[in-house]
Amino acid sequence: MDKPTLVLGVIGADVHAVGNRILDYAFSQAGFRVINIGVLACQEEFIDAAIETNAQAILVSSLYGHGEIDCRGLRQKCQESGIGSILLYVGGNLVIGKQDFQPVSDRFKAMGFDRVYPPGTMPEQPIADLRADLGL
Amino acid sequence: MELRNRKLDAEDFWQERKEVLTQWASGAEVDFDEAVVYQKSLPKHKIFAEKLKLGKEQGLTFAQPRAGVALVSEHIELLRYLQDEGGADFLPTTIDSYTRQNRYAEAQNGIGESRTMGRSMLNGFPAVNHGVKACRQIVESVQLPVQVRHGTPDARLLAEIALAGGFTDFEGGGISYNIPYAKEVPLETTIRYWQYVDRLVGLYAERGVVINREPFGPLTGTLVPPCISHAVAVIEALLAVEQGVTSLTLGYGQCGNLLQDAAAVHTLTQLAEEYLAKLGYGPVMLTTVFHQWMGGFPQDEAKAYGVIAWGAATAALAKANKVIVKTPHEALGIPTKEANAAGIRATKQLLNMLKDQRLPRTQELQAEEDIILAETRAILDKVLELGEGDVALGAVRGFQAGIIDVPFAPSRFNAGKILPARDHSGAVRMLDFGNLPFNNEIRDFHRAAIAERGKAESRDPSFQMVIDDIYAIGKGMLVGRPR
Amino acid sequence: MELRNRKLDAEDFWQERKEVLTQWASGAEVDFDEAVVYQKSLPKHKIFAEKLKLGKEQGLTFAQPRAGVALVSEHIELLRYLQDEGGADFLPTTIDSYTRQNRYAEAQNGIGESRTMGRSMLNGFPAVNHGVKACRQIVESVQLPVQVRHGTPDARLLAEIALAGGFTDFEGGGISYNIPYAKEVPLETTIRYWQYVDRLVGLYAERGVVINREPFGPLTGTLVPPCISHAVAVIEALLAVEQGVTSLTLGYGQCGNLLQDAAAVHTLTQLAEEYLAKLGYGPVMLTTVFHQWMGGFPQDEAKAYGVIAWGAATAALAKANKVIVKTPHEALGIPTKEANAAGIRATKQLLNMLKDQRLPRTQELQAEEDIILAETRAILDKVLELGEGDVALGAVRGFQAGIIDVPFAPSRFNAGKILPARDHSGAVRMLDFGNLPFNNEIRDFHRAAIAERGKAESRDPSFQMVIDDIYAIGKGMLVGRPR
Amino acid sequence: MDKPTLVLGVIGADVHAVGNRILDYAFSQAGFRVINIGVLACQEEFIDAAIETNAQAILVSSLYGHGEIDCRGLRQKCQESGIGSILLYVGGNLVIGKQDFQPVSDRFKAMGFDRVYPPGTMPEQPIADLRADLGL
């Protein structure tokens, strides 16, 4: 069986590269094919990469606080591009300031994300989740 | 036109300037002559260079927070709070990330959203959108010098507006605000942009207005070996002085080992002076800024205070001229003004308590200084060689060749080949040298240091060690021991 | 019977014991043989001496809070919280002030009031009133060794109950729990009381149960020069070992200057070993405990974190075996469990980050060590001389003569003649020597140090300087500069 | 005119001696006659000293947290001893734990204290107050 494929990137005008580098390494080690589009990635780049590589999931990072603005409409664009049901995960420091995580998670779920991760998530968690969601 | 470290031609500069000032509507507000008059009207206690000089003479370490929100009045309220309740010595105006990418339309959108939502939807103050008058309102509303802190590869318009707006210090540089802050922007381009900024500062200086410039020392903030950030700091100092900058604060981000950090602070201005003299520049005013740990923080506030205090203690013992303060909210999000002020107060408690204490000079400290000096000189000499004596050209070629290489940087113009890791006592050493131009003596030193740690941990040094080190401070340690 | 440093006579001891156990009803619960069995049933990880030994071998610095409330279940909840949420390495049971003065009826009243009011009306845990079973309940409810911390001049009954109750460490001493904690109790009396306590510990030791003993190092916690507290610590070690104590943790309260504090930690066990050997005692297990700043704290929590972190950093760099942790509530009142746990977490962040860093040995450090050694030896030798070779007698006569003199102590058996003040770099020196038996070399050293500060502050050293120093840390400084 | 006299002491089983020493020095410097009964002082000692020295004020310190228990009834005892209207000041860390000061102050005023001082009070304040209360 082919390795399951995921697209990884940091959205918007965000340049935080360290977590991205670690997620790349950890998901690769865990047996996934990682298409890493890196930092400063716009929604279109995520979608194009997913279509090109026939990916099963898109993992969006946002650290710098503009996550809410940057992520809006991503699910719609996926639908318009014909990959409407692709798994969408998002994590990092999604909003500005120290906020309760539950409402933040709810807001991002309402935007169409399947899973939303709080600051400081270690790779083990999303790796296990992705395996579960893909039925591996 | 090929890049050279040469003072920009006056005609070219004024030509370019016209274009820069049209990049956003607020550019029209800028009038250089009027701005010089305004800057000259500022009282001494609001001028960065003046206060830095005073502190340097008295051996003080000043504390400065980071802070910026979307709207003018909220931003002023924030700065006043940090001044009055935090006891800050210097104030910042941190610029939002859209402005940093020159996406002024999106910044405008963020201003709008912030008004609607009643909370800042931008991670900083969009100074270009707010314009010159708003900046002056800020400067006039507080009693301390204010600096622009950002991360903008092309900060020409921002500099025009900020300096006309009365800010007296401007952070950044053609390398330090490119490599950690951009992905696709060639180094030639940003060095050239920053020659413009430095030239602008030079023009103010020629008119008797000293604006302090501060290259961004910590780079990616994550396990950056001192020689890398020192090399960048010296290059940016050389580039700035060539354009007429007369007052510079060179930066370094805490690594966590006291001796290495103190050695780094001690050697920073020494190296800059050395290379400035070597390339024939006269004396300029040099100071240092020490950044409290710039990598991943613990989420727990009590632990965060521990990290903050250790940064403050190191800055004080190393006798840095300024320390940039983190907050107990660091791991989670942009701090509230209360958390920000608390970070300053914890820091100042330490600065005050350690003001008159110093780290005794020892062989161990000397050895750390020697290794930093040797490494940085190796890099800089190779850069100058590659640039055929021209440091601008040398910097570009040096990055191309991986002679300078910043760990974990997003830029594709950075080789990204070196791997840093901590040694047994937490000093940042090199696990992989990439193409750094180090002789065998230096290499052996690093290898031995990392091997010692590997032995203590019964494991072979590998990327896993690097990952463990990246997480370590956030998890309450310094060295990332095997889990 | 005249006081002598001689092992208590067995017959006398058991006679006295009968009387002690009738001082309060709970005394009847104590059965020595059964208690030995109980102590032996404790797992290794709950035994202070075992864990201390392990830490000493591995070069660790352990963190321990202070904590105690009036009621048993609340006290257990508190300790569990400090263990689980604070990450404490050792747990305390701090005793309330009525119990410390043997006012068990008032303590009982406090227990009653606490039940009525729904909050602790006592400033600690009244162990005597609660009795043996309650103590065992505590020990059994947590996973760490638990120590009794108090300040009780006559702690005989408390020791009986606590040791039978499964506590494996007992703080205090005949001097250190008299001079700072009493006004009218003669030193002979308390030294004699503590011979009883130490003899009790010795009896446990003879039955194979090692109870660790910890003389209270910081004394009044306020500008106590290291030589004073070191002299007391060594005397109490000699007194304890004579009675059969085999494991001792010697304490020192942070003064604030890194070099002086590190030198103090380094010299503490050295001096104890020296005098133990000199007086013919065999080797015992010696460890050190460093108390984070014991004087007035800043009210602001951020600043308090700064002080806490500096204490933690100093303990780690000096390689103390244990550090006693303050909390961000220190200046205001007994901390909530949350504030207490936060103090531990901030401390442990520093301990972990500095675990593998050490202060390099330098001339400056050596000089501090030398002066502490010389001063302490001068005091101890004179004490032994006055006691005609007997340290118990010497201690009593030494205090009488002001040969040992604790600043700001409430006891009228303390001369109260010396005046400490900080030098320019914050080390605690002497402004007035009282009757301390110092030679001219030592005196000149102190005079020069204080004169240097006076010059820097353009004022003559005086009591005002002392007052300024007492307030200084609380006001965000170390040295109390003129206002 | 004779120096105004005050009795100073630390009440109950409390041994905190440092603040007491400073208050003694500061009030003496300010021209008062200070009768310092020191630490571990019971209510009777305060009253006896005040009667003996014909004092105008009693300044009670309590640092260690048992202040509430220890201070109860002091005003009544003063009244019973014929010095019912003597000025009573109290200060220190009066209660256990970090508490709002206003309710604490109210409780002690209800007990009959004329002035109640929060933790960390500098001597200047009570010196000025005492001068005012004594009409100096």
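Letters are used for the chains, namely A, B, C and D, taken in the order the chains are written, and counting of residues starts over at 1 for each.
By definition in this document, contacts are C-beta pairs under 8 Å (C-beta built on N, C-alpha and C of every residue); 3 or more make two chains touch, one makes a residue touch a chain.
In this text the structure is predicted, and so the values were computed from the model without any measurement.
Fewest steps needed to get from subunit B to subunit D, stepping only to touching chains, is 2.
Computed centre separation for the pair subunit B/subunit C is 45 angstrom, with centres defined by C-alpha atoms.
Between the Cα centres of subunit A and subunit B there is a gap of 30 Å. Averaged Cα coordinates give subunit A a centre that lies 65 Å from the centre of subunit D.
Distance from the subunit A centre to the subunit C centre is 54 Å, each centre being the mean of its Cα atoms.
Looking at subunit C, one finds that none of its residues touch two or more other chains.
Shared interface positions of subunit A, defined as residues touching 2 or more other chains, are absent. In terms of which chains touch, the assembly is arranged as an unbranched chain of neighbours. Listed by label, the pairs of touching chains are A-B, B-C, C-D. Looking at the complex, you find that subunit B touches subunit C at residues 256-259, 298, 300-303, 305-310, 312-313, 317, 341-350, 352-358, 360-365, 424-426, 473, 476-479. Of all residues in subunit D, those touching subunit C in their complex are 12-15, 17-18, 21-22, 25, 38-40, 64-66, 68-69, 93, 95-99, 119-120, 122.
Chain contact summary for the complex, subunit C toward subunit D: residues 97-98, 100-101, 103, 106, 109-110, 113, 119-123, 151, 180-184, 220, 222, 295-296, 299, 329, 331-336, 339, 408-410, 463, 467, 470-471, 474.
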